[in-house]
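Naming follows writing order (A, B, C and D), and every chain is counted from residue 1.
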């Protein structure tokens, strides 16, 4: 039975109530402001190829990848989450692979982890393959000795763990302001929304979508030398995309807004 | 674009890989074994009514409710999660309300919380309105002074918090073995699967489903006197369904298997 | 038996090993860089009085208090924790009360919570009455809509919970740069180190100490209007010191170094 | 300044208040009831030797060790924590090594981890070298397919992680009821209490103590074949004591009471 219009119970996601106030995921637009530590690298091209759905072609730079750690604050329009930051803050890690769709550059995200439940579910709505994990990133500081400055020599570290196994770690030593900034994660993200069917034999909801986003805003970008390692796990195959070569690292602050998107046509 | 058959990338849920091994939610059947602390109670009938979708009728016992704390271990067929218990264990809290569908008794779950990400997402697939939370329940013990025995006088407590606010707490003092056992949560669960659309203006996937389940197995059931309190929160409206009267409490172990279900027709 | 010199096993804290590398707390000096949200307020003077040890006098401003939320990054000399930030980052909440010692202004910290184990133990070494808790604070951002700017109108929130009960929450709306900055927490902290005895009938190690600290460094300080609320809990008596009046709030970044201190004489 | 008797402020541990109710660690006696997964094994004898303080001799079985996973519920006399189980439940992992003290068998615990703050601090009072970690253990079940039965063939797993790195994992496949039960961890624990000094140049409080305990009670013990692995970490040297040979595994429930102890003389 498809659910008919339910004026009594509302909400963008479950649970639906009379007010919609309890829904785990509020309706878009969603606003995001965060810090990014990005390591551009190259993985085994065959491994990258294996993670591209049939609609995507390898393009001319197969094996080009980026590992991205993000320390986010996020809110819905109206933004009352910001004053209750337990509901607004979370950290993420994801990998993007270079590919093409109809000869245009795109990025494909094969793996992603997040440390809070609401952005886990909201991410699945957007077609991000999120799983629960533990992510940590050094924060730059302006005073004291317990943190890097945003200047040449500033040193950052980051880690990802899931199911109590470390899956990735990175370091970044800044060399200076970046002229070009990160490029690997620039093309649009070609995501896949997937929601399993409940009846046996039925097909899941599965659709490719553009991740979207607007009103992108970035701070000055810092770049530097990076290291990156992935580790094996029986439950997470991230190590398939382990670095063969690490290109360059970047640190920046980034903000944008997401308010739904478009199905890929 | 709907996703065409992708022999290259498989998995019941994201992320899809060549092996399917990284998927957050493995395919059903899913096996569950857990301990339950159940408090049967009555809430304001008008409040209960407000939480029933139009397809359900109040039935003859509107306001009859149960608050259920569950301490679970769960695995997929093949069960390797059991040997890596960080991937198998979690705790939940949910409320069920008595209602009828086409004159037959059903239960409706308006609110649910879970303390791990995988069962959060798996629950949404099943139509449970799960949100992230923190749930704790006293465990019975057989030796030592730091826990109740499963015998008359054994005392249990349980709590639920979400977004760093306590939402519910309960106590249970056993009086003896229960002849009848809990009855409020016995009728089938009438769930709603909801997956928001991505394109603006499109309708979400929204369908009523039976939660299903087979091979139910229960231990002897203990019953006793219970207390139950709900608390206000700006982000969770559970207090709408606060107890007006607490009927009786129960403790039992329960196991079952879920392998998909049926849409409500 | 007092432990004789153990050249084989070394470490500032347990566990001691041949290298000292596994010790939970590394030896000082310890470096700290963090962001602070401070709410200066007044509590019931009699309640404040009850929390002062006999060595302290109320002074002329009994009831003057500050509630402090801190988002820290910390490292030992040599600082390898910074590149493994899971070992470097944590958040805290504490209250300080105005008092005097031998007619000189001091501050007294009756309650403190922290969200990680290492600074919990390190804090007890310093005489801070730390307990485990969950602390969250809005972070200022420079881009995007999901966070306040450090400018007039910027709005911050913060919360403390322990044992799954919210204990405190605060808001701060910036009005501008602060000329004077926070003053209540400026006088030296008069702490108490306490380590229970193991033999029955023996007295604990209990000594008053100055919390110490050097090389203090602060960013420009922002001030504004604040709100502050404390909540009851059976396990935490913070609500004894609830605000009767909220004076003013502040936001700043702060860094310093701690390398042991002095016993109060 | 040593703290003089403070009738105004009381508490076994900080924070001290008028009632003592907020103290992180309540006064003993402390009651414990838990489930244990024990793997008896042999490590490199030289590695074991390196972890024994000078007061202990290797004895005749140097290298004999046990890895112990414990899933605890604990309360103080009066026991109100049991009804608020967030304050009563935690999991631990520790290793014990065989040694002798004045020709009598003892055990020595070089490493220990716990997943909650209160037992972390209480453990340090007792001389256990506890650090914060994440510990998981399969629970036996009586119904359903999602857990082992306490019977031959029942399979258990357990893991320890700290600072987002997996440090240890074990499995246990039961073969039957154990006649003898575990023996390696039977001799009394020779612990070391260590509380750093605050004044530079002063010696820490450091004393060897017997861990103590009374009113020990155990369930029937199950034994079986076990596996055990330790992993490297820059912050934890557990891998020094990695298994060279795994002897046998055990599962049991255990309860006891601790109410202070005795210094080693």
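In the analysis below, a contact is a pair of C-beta atoms (placed from the backbone, for glycine too) under 8 Å apart; a residue touches a chain by one contact, two chains touch by 3 or more.
The structure displayed is predicted, hence computed values, not measured ones.
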Notebook entry, point to check: So which pair out of B-C, C-D or B-D basically repeats A-C, with more than half the contacts the same?
Noted result: B-D
Check: Measuring centre to centre with C-alpha atoms, which chain is farthest from chain C?
Finding: B
Note to self: Tell me the rotation angle, 0 to 180 degrees, that brings the C-alpha atoms of chain B onto chain C, to the nearest 5.
What the structure shows: 180
Margin query: Shared numbers divided by all numbers used: is that above or below half for chain A and chain B, i.e. same or different?
Written below: same
Next item on the list: Round to the nearest whole Å and give the separation of the Cα centres of chain A and chain D.
Entry: 39
Note to self: Quick check: how many Å separate the C-alpha centres of chain A and chain B?
What the structure shows: 30
Margin query: Taking the mean of the C-alpha atoms as each chain's centre, how many Å separate chain B from chain D?
Written below: 34
Item checked: Contacts with two or more other chains, residues of chain D listed in rising order -> 84, 86, 134, 136, 159, 164
Notebook entry, point to check: Taking touching chains as linked, do they make an open path (line), a single closed cycle (ring), a hub with spokes (star), an all-linked set (complete), or other?
Noted result: complete
Item checked: Residues of chain C touching chain B in the complex -> 134, 136, 159, 161, 164-166
Item checked: chain A - residues contacting chain B, complex -> 1-4, 6, 8-9, 12-19, 21-22, 24-25, 50-55, 80, 84, 86-87, 110-112, 116-118, 120-121, 124-132, 163-164, 192-200, 205-209, 234-238, 240, 259-265
Checklist line | Parts of chain A lying in touch with chain C, wherever the complex brings them together | finding: 31-34, 72-75, 79, 82-86, 88-89, 134, 136-139, 141-148, 155-159, 169, 171, 215, 217-219, 253-257
